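One structure below.
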Amino acid sequence: MTALLTLDGVSRRFGGLKAVDDVSFDVNESEIVGLIGPNGSGKTTLINLITGVHPATAGHVHFDGHDITRQRPYRIARLGLARTFQIVQPFPRMTVVENVAAGALFCGHASDVREARAIAREHLEFTGLADMADRPAATLTLARRKRLELAKSLAMRPRLLMLDEVNAGLNPTEIEEALAIIRKIAEQGVTIIVIEHLMKVVLSISHRLVVLHHGQLIAQGTPRKVVADKRVIEAYLGAKYAAGNPGVSN
Amino acid sequence: MIYLQIAANGLVLGGLYACIAVGFSLVWGVLNVINILHGSFIVLGSYVAYFAYVHLGIHPFISIFIAGGVLYALGYVVQAGIINRVVSAPVLITLTLTFGLDLILNNTMLVAFTADYRGIALAHPLGSLEIGTVFLPGDRVAAMALAILLTILLYRLLRDSTIGRAIIAVRMDREAAALMGVDVKRINAITFAIGAFMAGAAGALLSIIFPISPLNGPVFLGKAFVVCVLGGLGSVPGALAGGLLLGVIESFTSYWLGPERAVTVSFALLLVLLFVRPSGLMGRRGYE
Amino acid sequence: MRSWLALVVIAALVAALPLAGNNYALRLATTVCMYSVMAQSWNFIGGLAGYPSFATAAFFGLGAYASAILQNRGVPMVPAWAGAGLAALLFAAFLGGAILHLRGHYFAIASLIVAEMLREIVNTLPDFTGGGKGVNLPLLKLSVTGQAQFFFYAMLALAVLTVATTIVIHRSKLGFGLRCIQQNESAADIIGINTYAYKTAGFSLSAVFVGVAGAIYASWVNYIDPPDVFDVLISVKPMVMVLLGGLGTIFGPSIGAVILLLLEEAVWRNFLTIHVAALGAIIVVLVLFLPNGLLALIRERSPTKAMAK
Amino acid sequence: MSTTPILSVMSLQAGYGEVRVLWDVSLEVAAGELVCIIGSNGAGKTTLMRCLSGLLQPSAGSIVIDGRPMAQATPADFVRAGIAHVPEGRRLFSAMSIRDNLLMGAYLRTDKVGIAADLERIYAMFPILAERQRQDAGTLSGGEQQMCAIGRGLMAAPRVLLIDELSLGLAPRAVELLSETLRKVNATGVAILLVEQDVMNALELANRAYVIDHGRVTKSGPAMGLASDPAICEAYMGLSKAELQ
């Protein structure tokens, strides 16, 4: 297998704080990788480094043979790297279909606004938002806005899609629906990185997990192996909890 | 030794510029509102001092408190009654609003006082000060000293009083300040009023140096902009440093390139600064 | 299609004005066209992209002076107007590169200072620009009425061109991208919009027609001086007009231009000495009570019309 | 409980815009109690704390402090009613001195003598703050900042201290020290409502605990009894212990 995305010693400081500290890992073509870690562990910052929102203070990021370490976000996006935001960021006063069309127009392969709208409608069909197409994005519920983010990212025709907490704040039914969509996307051959704090969700869809804690990579491997890792349980529930429950540690 | 004289002239001017800018900078830093009214506030302060001198014989140096008080009241009403309603709106809204208010105030002054330049001729000027080879008019030096004194007093007020700490706290973190029990809207109004007080006081001091006319409002506003960007937003020491720096720069450009180029150079400086360091020479860049 | 039809009908109606109206009406109509150009132009950067530009006066004054200088060096009038537009365009593209990375207040101030700087530069170069005394432009060999009609049609043609550009831009990739930038610049970047290039394009568009309008204005009034063509009100009025008519809409800015001019005329006639304060009062009321424009008020009253667009 | 609660929350609902975060939260804190709230990232803990200090208006339900309903109350009203909130991330005024930060905590108080006495008390509690009182708060280490934030909260002379994320990002030594201090503070009669991600630390510290998951209280009871409860593992890792093994 060839690596589509390679992180090599990537770090980011904010003042004295090391938000991401010397992180290296690969993501292979057509893989679903779960990026997990407790609150404040640096997951979102890492995604921001990959997508060029913040420049890395050290290390390199390669995507499909290109060094994208200090590229502007729009260039990285055009290479085929799309993301959704933890705090959903639609264009609030534009309609749902326009939001998705934006993805198709500037990054997908639509040649003009009319074609972009047509493509957008297909993606709305796919994500079950077709009924909402002409409503302003700001009027959607959270669950639908999250799906809108997905549709917008898909319209960009990504090779690698990074999903930042697409399930946060959703109820179990909505989560099931979202997972079904993610699986359908994966079936089309799109490589996916999922950031998620719900372990159950990550386990059910990831081929491989990468765990961050205090900005450092503390474990990676198959889901089963990772969740039984003592350091991972410590990171989530505290050292004392891990020590007091020997059944879960290796 | 002409350069010493030019530098001294510049510092005298710069002290006054600091006083002009410090209130403007405070309002911008704390409220995130650019107060276009500031220039007219200064002119109004000058008129208060003028009429107090002409009709009541009160020396402009004393009038700084009268002018400051009048402007404080006006500022409080304007902020609490009008600007607070849109204080967290986008720039386009707040900026346009203070611009509109400025058109009203400036036009009202034009109608009330006419555009004629007036001046205060002090009955008992302080004469001239001589330090080595440098000559300075005493009244100007006194005005500058008072301007700097007022600026330092504001600095102490912000640092040492409960209300001052609250103002600084609101500037740093509105929500954390609210958690301390600070009424943020009231602090907004007080901050704006203090900014207006400083404008009024500066106006009173300027009344003995510059001709008084509503047409000067934009000129003063321009100075405040430049000082603010030089010194960094909301910082009193920054405004002081920026003011003195601008005074010296203007003084030397007048000498080398002629007085009519001084303003151009200061604006060009501002543009260059905005380009390379939007947070000002003294300002600190915040984390994203 | 609807927008084009509306443009043609309105333009034809306005163009017929000289048949009916007197010179006073013609002067008002010329001013409305000029205001319309300014408001439509500001809308490219201020309404579509959401950048509060105060640079309109800079472009206007630059165009006026560029044309005056060209004509006084023997360039015929209409090519001089085109030269003025080109000068404004290049200036904006250059300036945009320098200040469009600024956000909010800093952008507003930087753009405001530009006009002041140009004004000072004109003042300090009397040999080249006439300095503070101003500069005269060549007279047209036409009757008074003929001149009024000529400049009216020139300004009308420019206004039609500006609105036509607006219609095209609104439907283009550029307009779409600018709207994305206005609503969420970082999200726009992430979906592949070269925000810097787009903003610069929007800023340049907001300059070119204003530059030509400044040039036509200079020929129309025959004489310009710095306080007249670099007046900060030239920067502020377009914002007021757009706020009146509605941000980011196609015809809103032009409707705002008509409303503002009518208000100005009424105030001029009745309260000459306080017309500036009256403009200020309009701004304050607008900002406090009608931030979405007068048209929004009408739209709210009749929801069916809003659906029909 | 036999004592009347000093803080009681009934069927609270809240959110941001139409995004509902809290669906149904009821809890009580009695005078002098130390209560903790545990739950995973995104469960609604911080939103709850924001409601309890007036930063966020709940959309339904009620908050009663000492028998007084706090509908429409401002943050200042909450401070006056005896609530002090130590927010997540400390939120110190970083370019202000430590002493001034502490004095900001006493913003609404007018008893100069009492303020001076409390300042001394906090300095005695955290000698490092006394040593560096003239320095900017931003120069402190994470643990010291948390001390300053707790000290700032205590300067309001509260009856209930709300602490959002005591140990987040802090070294174990600092957490121990802070926990010890909280016990002492609690012993002086100040009730504490603690949000904490380190489960065992929180449960060891508290008398009682509430588990919040997806904006609802899913479990409550004496802290020690909850430590071995499967609900906790599920709330944090989204998996029951059985599934983990």
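Think of it as A, B, C and D in the order they're written, each chain with its own count starting at 1.
The rule we apply is simple: contacts are C-beta pairs under 8 Å (C-beta built on N, C-alpha and C of every residue); 3 or more make two chains touch, one makes a residue touch a chain.
Since the structure is predicted, the reported quantities are computational estimates derived from the model, not experimental observations.
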Where the centre means the average of the CA atoms, what chain is farthest from chain C?
D
Please tell me whether B-D or B-C has the greater number of C-beta pairs in contact.
B-C
Need the CA-centroid distance for the pair chain A / chain B, whole Å please.
49
Distance from chain D to chain B - Cα centre to Cα centre, in angstrom
43
Note: chain C sits from chain B at a C-alpha centroid distance in Å of 32
Geometric centre distance via CA averages, chain D-chain C, whole Å:
55
Which residues of chain C touch chain A once you look at their complex with the stated criterion?
171-173, 176-177, 179-180, 183-184, 186-195
For chain D, which residues count as touching chain B in their complex?
53-55, 74-76, 79-80, 84-85, 87, 91-96, 100, 103-105, 107-108, 152, 156
For the complex, which residues does chain C have touching chain B?
46, 50, 52, 98-99, 102, 104-106, 108-110, 113-114, 116-117, 120-121, 123-124, 232, 236, 239-240, 243, 273-277, 279-284, 286-288, 291
Interface residues, chain B side, partner chain D - complex
159, 162, 165-166, 168-169, 172-173, 175-183
Sites on chain A touched by chain C in the complex
51, 53, 72-74, 77-78, 82-83, 85, 89-94, 98, 101-103, 105-107, 112-113, 152, 156
